[in-house]
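Both of the next two complexes hold subunit A, though its partner changes from subunit B to subunit C.
Right after this comes the complex of A and B.
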């Protein structure tokens, strides 16, 4: 398994992704947005950050970068494509995943721990999850929205990967779903289950020293996937 | 008569007649308009330190650096493993008063480039902020309160907007409020960088014929005379100064960081400096002066946002996200290639010359030709006049027993809800505290932020602390206290205090009382830094912080770096429920004001700003830091939290909120003093055994330690002198957790 960590100008969670993968023995290397090939890679990681400064619309410019043709091919071929935070926004902007990420409910950037329950149980990303995960978010535009039909389809076909749920002491939805996402959706899958986009950062929860190892339950799943 | 010789022209640039005449004398002729502009910014307080220099020489390391050529190295702390830490504070007070979002954002951007220019990767940002009241206090007009809230909200957004995008975690900070900041808020940004000590860069240009390369964003007409603006008072015409405020582009800065670090790796760069205050002027002049060489600059080649820019505008623009480098002749292509790949400008605009002059041409005409040493080394230095105010002598007579009687139950709740003490979650949640995945103690979890940089087992602990209330009442002690408080905070995280950077925010140096405050505070900082073994390695002075509402309280801010031998040994503020609690104290002279002089209790609860803060024992604070570090390393203790604003009661309440319940018994027979007295050096530690070892270690360091209770039950119970005070968890929460978001969230 070798993972391509795609760097756009303004990606800033690129090294976090790279080191979190390498830390659990997964081979990972950077690929620049202008490259046209993902030859030699088995999976794609689209990191968080502010690609192109988020100046037009989060992820809109990056979604049109040369490398995205290859990312689409990977998605279609059933290979693993994992977009986190800004990476999720890029996947939505490129049409690989449905829906959009809008400004947080209170219109403020929020960095805090949230709690996630897996909803889908069969995808490579969710199958290894055994408990409610405590993982941080860090975004200004993480409110997942989609039209009614799409939401119905996502829910009906088991394509909601993770949902925000109440953590200890949290009572109101505003506390546990702080960006105000539709159906408290934190991450979604494509129909084949090989593409995951999620706002929370599992790569920030990979060691006791960092305060949580819960992200490993998602990242370890990548190890289970054979070379496509 | 040329434009430059007219008094109204040079005075509008901030120069006095004396200074103008000195310029004519040094040049042996009248300056050109462009030269005059260059002198005015280089001789501003912001760049020239003309009032602060004599006092700052009290900092031994500064003095060494100013006199020798070790300026770059002086700002780096070697932490072993071939790694070094560099850090600095920069003020952006005046721009933030006028345009809070951009003022704060560009403050963050500027300090990041200061760190980058050393060859370091910026790994953490902190900030220290001051505003006028954000809730009714019975004295301040609602219009002013609304304005203060607006400034607070947008400063925080600006810091987050820039820091989050540029990918440098904002890991810590502090916010204070006082009516005297209403007209002149304070925004000080601190940045911490990590570098390989073998790769520290220099700013000294060298090598005649070497190309001078302009790097980064284009130059526009923004921020012209920013440094002069920073060295002037704010008045009603603030809004007219909006064109003096720069606009930040964190996306460009992120590219600049990556491109600069990559270009430095090529080895093609001889010297590099950021274009900060005074832009092209400062970078060309300082690089030439430090290298004792000349430099010729063709301004026609500078990337411009507008074509019709004059030499004066190009030299004085403070457009952001720019650097200036000197490369080895023939290797400039390597630098250009890296920057172009990152989508940034990189243009050769001149070369290093042997004539010792900085020569600036525009449209083929020489617009400035000046010996750079005149600009950097001949700035006049003024000896300020110090005057101790009457109020200082009167405060000695403060009698704490004259404070009004307040029910301790209500007093604690009031303190916990006071904006300067209350939980700052509303602020720090707007900052990405974790990007780069090296932050291992987040805001609110430890007394200082702790990072575990990749490539070493060591941990880095950082904090920034200021204490205007204490410094107002007793500047000398205030300076000392700011240092020992910051040192204690990093020590409570398990780190040995190692070095200081300071942000010195004061009123006008021409006002003898303000200058006395400044000089006394600096003396206090210097004494404490010396005693603690934490040299002041860098800093910033911001004078002229006054508005039509008066001068700000004297506000020195201390950024402190601590090092933990093994990052995993760091300490949180609170122990697990069920742990035993001890109070460690530094033996010190007894305080006649019972820790209530200049205290948060007196100010917030009683509305009294009087008395002196207790004088810290510098020797004792050093021993305390050693105790905490050793106890953490030997795993004798599992948590540490110091008592500061609001005294032990506030510290214990903060712990109770973390552990769910806490019972403690405090010594003393004056409940107000025991609960709310701010005696420096009081630290609450948590342990799950090891009582004897803790006591032995404390004694060996000359400290006293007493078992005060246990983290158990529900809510907070504190016994003092036979009385018992109880608070339930929900009322503590209501005051401490929600106060700020209630004030700041529109309903």
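Right after this comes the complex of A and C.
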């Protein structure tokens, strides 16, 4: 499997993405947003950052970049598309995933660890997860919102990938769902399960030196998918 | 050159955290009559020729996100 790490002006987790993928033996290379082709790639990684300075809305302009037609094609064809943080915002803005990411409930940029339970158990991203994950978030606009029907559908069809849950010592939802996401949703899947968008950063928890290796539970599973 | 003002507002059902913060500050200043403050965006466009259909297209394609926002146009002569 060869993964395209798509870069927009203002992406800043692109190197982390490439590093974490190559670190577990997955071939990965950068692709610039103005490219029109993903030829030679099997999967797409949309990294975090502040594409286009977060102007207008987070991810809004990146979602309309030339490469996104190819990303949509990959999503439709059932290939792996993985958007993290700003990448999740880009996937929602492009309409590939439903809902939107809005300003954190208490208007504060949050840079801390959260705890995640996988909800979906069958997708390529979640099948290898065996425990509650401790993974960092770093965002100002990560409050997932969707209308009631969409939330009902996501929950009913098992498309909630990860949910914020209480970690050690956390008792209130205010503590463990710090951005105030609807239903404490941290990540969602498309109906086929080949597209995942999530706010927490698995690529920042791939070694003990970084404080956690829990992100590997998500990334390692991608290796099993092989060539799409 | 015709100027168009695009007012983008959050859908009424959605919580506006920034607006809520501003409302809190106004309450602290003693404006007890204030019920709510909501923050939107004003985008001013200058176009060579005004074609409402084209400007709406700009809004639908990029300027507003229909999932969370509404918009209205105002033509300034």
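In the analysis below, the second predicted complex is superposed on the first by the 228 of 228 C-alpha atoms of A that agree within 3 Å, B and C clash if a C-alpha of one lies under 4 Å from a C-alpha of the other, contacts with A are read in each partner's own complex, and residues count from 1 in each chain.
Heads up, the rule we're going with is that a contact is a pair of C-beta atoms (placed from the backbone, for glycine too) under 8 Å apart; a residue touches a chain by one contact, two chains touch by 3 or more.
Note that the structure is a prediction, hence the values are computed from the model and not measured.
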First, second, both or neither for A:60, with subunit B first and subunit C second: second
Touched partner set for A:158, first subunit B, second subunit C, both or neither: neither
Touched partner set for A:145, first subunit B, second subunit C, both or neither: second
Which superposed partner A:93 touches (first subunit B, second subunit C, both, neither): second
Touching partner for A:128 - first (subunit B), second (subunit C), both, neither: neither
Subunit B versus subunit C as contact partner of A:106, first or second or both or neither: both
Subunit B versus subunit C as contact partner of A:210, first or second or both or neither: first
Overlap of the subunit B and subunit C footprints on subunit A, listed as residue numbers: 106
Touch list for subunit A against partner subunit C, complex: 56-57, 60-61, 64, 92-93, 98-100, 102-107, 143, 145-146
Partner subunit A, residues of subunit C touching it in the complex: 14-15, 17-18, 21, 61-63, 65, 67-68
Subunit A contact footprint on subunit B (complex, rising order): 157, 160-161, 164-167, 249-252, 254-255, 342-343, 428-437, 439-440, 442, 452, 454, 567-568, 745
Subunit A residues touching subunit B - in the complex, by the definition given at the top: 9-10, 12-13, 15-16, 19-20, 48-50, 52-55, 106, 108-112, 136, 138, 140, 201, 203-204, 206, 209-211
